[in-house]
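Consider the two complexes below, in which chain A is the common component and chain B and chain C are the respective partners.
Right after this comes the complex of A and B.
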């Protein structure tokens, strides 16, 4: 492939994915099971019927959004490891607002989504402010913020002030279910395919538009390409870093909100919410080469694999449901080690990829 | 607080701090050489699982400890290969180790050990001191926690190798100009880091719980990462941070079981979030100032400026 092509950045992740699939197939053969049966079971579990499609859609929805939460700041040179905390913040915010706001039906759902996004944006912006004002590396601060969010939500909010009263019979732990008007409408009579998926795809389109078509996006990419140059041409770098992290946080929070409002957790924040969609977002962004379209494709693939994994446990297949996790891990290892496999000119130098074929300033010192 | 609560708090700190303390020491060794190790969590997971497996397979907790350290070393080799040899972004490489550990260990747990519900049966444990009503002290873990950081501190401060080790994290170009190999020094640091994290992880089944659970190490690798920062990138500082973090958790358990009035009304979540919050404040310069080694996280590029 011509290295100047717009699609060239997608090549290493595609090769890594193909290799990861092949390695997993070999491993499955090695333990005496059938890769073909596994593939068939995965496809059936992911796509066969409205129930399966709904599961795939639900998981893909969360992964698109948490993938964007990593991919967008990445283009500004920021590594947002905080998707998990921002995801949980969005989930608890949606669970609270969806129970409490009580607005008229047509504006209830948009308000709850906006509130969750705003909470996630604030949580994400914290790391941006610490970076811009205090020089705190965003990787460390977002990891710390993940655990602060988890503990405050699990062992304070959900255990205390927001805990379901139990008046409605037996106590299930977790919060009360959100009101009907706050739920994402289901698109099929069966299964959990909801408005969440179209909304996530719209978010990806929005992310692409911001990055590729707005002056703001251009400035983000300029910062990612070379921060000193961006400063020199007068881009307000600290403010843009905070905004990039806030946007990332908002996307991750929407993923959390989509899980709560889309029925992923019976419309409530569960007692211990451990779905690692925020961490998965890192892998999705890497596999998607940091591009919104790549993120959508990667999220669709891994959403289907995760949903289909149930089929692997069928006795005729005899595999553990953790295989998609293994595939994800192997793929990311291969992407990290791509220099050992892919020879393509000078390659990137631990800087985030710049937009393919876009009009970035060429004078960057880091490239 | 009575003397007996204080004593049992002390015992719980000495028992529960070692896994985090050893992983944090690994983090210090790697970051002082200029490689950020986000993969501590995954390395502890490998160490914990292979520690349990080794002990079950041989019937000896000591062999298990060795297997855990070896598994940590191997995952350190993977991180070194990615971050140094393939010159990957160090964060991406660490994330890769964590993700791999997540899936692979869950699979092996069921495939190799046939564990039901993600928990193994009882695992042989390292010798412990029975302290009557205060519980049992996992003497091996506590001893390792107290000895290894002191030894590493001496090594870094008082030996020529330690000087190079630190130099490669501050100014790798100078080290290369002096004729030493940056990649080799950093590789050694990452291997040591992996072995220590693996050792720390292996203590979870072998010294503390007596079984492996699929959720292990449940974020302790990230606590260790925080302890590296809170301890200002020194072996003894990281040890102190690990002890302090274990203390805040132990205190919370003591208080909630003791039923003391005011303190028990503070939500548990605040105690659990405290280590991370304090570390964040330290990084931001509100509580002391935590300054990383100058070349920490900067990939080595021989052709660079």
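Right after this comes the complex of A and C.
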């Protein structure tokens, strides 16, 4: 088969990224700063030394997992905007279980991770059930569930039942820190590079394997490609939709757990946790073209850019640390624009119009 | 007289494929020019070039003798070129008048001047003899009604050249007849018509001249009066392409003639036509009641291989089955029908009389609200599509892209759909995983047996031509030795060769002992394959006929029923 066709989906995100970098460089030049110095500062902040590597790894870990949380349901035709809520559910679940379970050390960490994933899966499945049973669009329900999760956790759990009791004599507003056995082991003596990153990469591999190599994954992709066909060939579509959302929720929740257990928040759920990794997952999935490998690459890139942003504030560079966010935003807008322009439906791009039958562009692409 | 539209050496390639190769023709006022050709011959591309959807690589287009450049649909419209699409391009919740004026709305201030729009549309409707209520919402209109709105839209915009792309594909015979009369009327009024169709008989009745396209080239233009349709069909077919099954020149020619076996290595099957003709039970004398189960054509010597047809229960039995349509209105009303083993039952009737729901109930996609569905004597009324499929119900759906195939998946994946969790596609009980090699092997085998092009299991289904997509659907649905085959418009949009191949496959299944239920608006098709015809009306069986019944008899039945 034609290798070009396999690599073709990578082209739009790569072009968009290149354009975004170029546009940002132009903008930096326009305000009288040096793009080269900015790039050097970013690279230094992201990779120079174990502290920098640890930050990059921590952010990439969360982004890989929240990216998968969007990418996997997307292959079944579902747009999971609920990554943020699922992320927070996973974080609070990990904070509670890591404090409370108290299992023997070797099974403590896996149990806490599994518990967090299960909570996120249940939270994600809510939107799936609403969709399968009542036809509620998952975009609407997941957006609303984000707020429900946020306020349940912030305004009730963290403020009330799970609030650090002050046994340590000092109230810091969040939950108690998790037990040492529940923490993700650090891989370097210095910095925050933990087992979280290998676990996130394993999760990406798992997601790829599920999609490409299991009957379940084939059924998800069939639903995403043509739901009527999936129904007609006997795939239990409602059940698969719930399962896809549950899987997405589990991945997002693992991201939350990885932040709590990986030291991103001092091993506790803070008083007001506002890291928007769940929302970032949408961008990562988009830049990663919905493919697990693409998600890993995009998450690595943006994790590094964010970790490196700290270096931008250096007076010799003189840029605000929000530049990587701007770059990410520009890339996403470009990709979204490209999709609107080129793609009329999944898998129907750039076919020679005589081939798919008698469809005219206007008649065929009604989406 | 100056031709109103002229194409001079018009060419367009997609990659290495020349979809249109130096095509020249001219079209006079008041003339109907039919474009015929196989799938992929370039008909639709040619129309797209004329309508500004694509730009030509070479050649030119002349309107009223002047060379024009058509950069987009708006240019085509301004030049008086209009097209009635095969797949309607209407906005369902809007009214007929709103759809007609959409994009060029008459305004009063910033608002749509609805009254003027309705007046103008009603005027055009009257002048062209198209009965359309400008205030009717399009989603409440029949297929024929929607098409009339499409035609009105083109006429209201002042088209002098109107192109029709497969306009009768979705219409019932009665509606199709009306449309052909409309087209003649438009030509009488001085408009020029381009008419694309697969149905040669239709072409012969409506066209003045027939242009035959083959592999992107215009191979002949003949006067329609007295044209030898078999010759036209022969001209359409690319001869050197070796594709099993071998071409059957035309459905009409094929009638009564024994067909060669369709693929090497497969056993021959009896001639479906002969069976249906000779079968004594095919007569229309029998009532359509629940009790009158058909006698399968077991007396035929060819059907001897079918499993003891007389004693066994029919393949499919529906006993006073009722169901609702998608909007909750009654669609089937206590319908009773049986399909014997080895029998092909054709369902005729005007669209919207329960054909779709009948197929959906039979395949488990729609739940019956009353009555009983039996598969080989077992009650399956409550089973869903997956369970029915597992018990041997094959479904060739109405719309390949919405029910037959997943365009974004590969051919191999499409062939595994619906059975991917069982061997040989899947291994491992604990951790079920796809066996890619087995999937490819099965796909390669089916691709060969069913003659799918390209012979590539990894090819995306969306990239295949319509005929090859349908072959993939057939390969998946028929390779599991089904008990019942439900086929809905199985040859819609296919060319003669692909149509013949589909019909052969259905006959093969019947010969093997499967019961086949085929829904079609094309009476020629039903006659060609069915042993027995039933006419559906208002969700009931309104009558039954032998395939040998004449057009007039059938039309009477359908019209009387409707």
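By our rule, the second predicted complex is superposed on the first by the 334 of 367 C-alpha atoms of A that agree within 3 Å, B and C clash if a C-alpha of one lies under 4 Å from a C-alpha of the other, contacts with A are read in each partner's own complex, and residues count from 1 in each chain.
As a working rule, a contact is a pair of C-beta atoms (placed from the backbone, for glycine too) under 8 Å apart; a residue touches a chain by one contact, two chains touch by 3 or more.
All figures in this text were calculated on a predicted structure; none of them were measured in a lab.
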Quiz item: Between chain B (first) and chain C (second), which does A:226 come into contact with in this model arrangement: first, second, both, or neither?
Solution: second
Exercise. Have a look at where A:144 lands relative to chain B and chain C in the superposition and call it first, second, both or neither.
Key: first
Quiz item: Does the superposition put A:275 against chain B (first), chain C (second), both, or neither?
Solution: neither
Quiz item: Once the shared chain is lined up, is A:234 touching chain B (first), chain C (second), both, or neither of them?
Solution: second
Practice problem: Give one of first, second, both or neither to describe whether A:79 is in contact with chain B, with chain C, with both, or with none. | Solution: first
Exercise. Report for A:216: first if it touches chain B alone, second if chain C alone, otherwise both or neither.
Key: second
Exercise. Would you tell me the residues on chain A in contact with chain B in one complex that are also in contact with chain C in the other?
Key: none
Exercise. Flag every residue of chain A that touches chain C in the complex, lowest number first.
Key: 1, 5, 209, 212-219, 221-222, 224-226, 228-236, 345-348, 351-364, 366
Self-check item: Parts of chain C lying in touch with chain A, wherever the complex brings them together
Solution: 14-15, 17, 19, 39-40, 42-45, 47-48, 53-54, 73, 85-89, 165-166, 363-365, 384-390, 395, 397, 399, 401-409, 413, 416-418, 420-421, 425-426, 432-434, 436, 456, 458-460, 462-466, 469, 476, 493
Quiz item: What residues of chain B sit close enough to touch chain A in their complex?
Solution: 36, 38, 78, 81-82, 85-93, 95-104, 106-107, 110-111, 219, 222-223, 225-226, 229, 267-270, 272-273, 276-277, 279-280, 283-285, 292, 297, 299, 301
Quiz prompt | Residues of chain A that touch chain B when the two form their complex | solution = 31, 79, 81, 130, 134, 136-137, 139-141, 143-148, 150-157, 159-160, 276, 279, 282-283, 286, 320, 322-330, 332-333, 335-340, 349-350
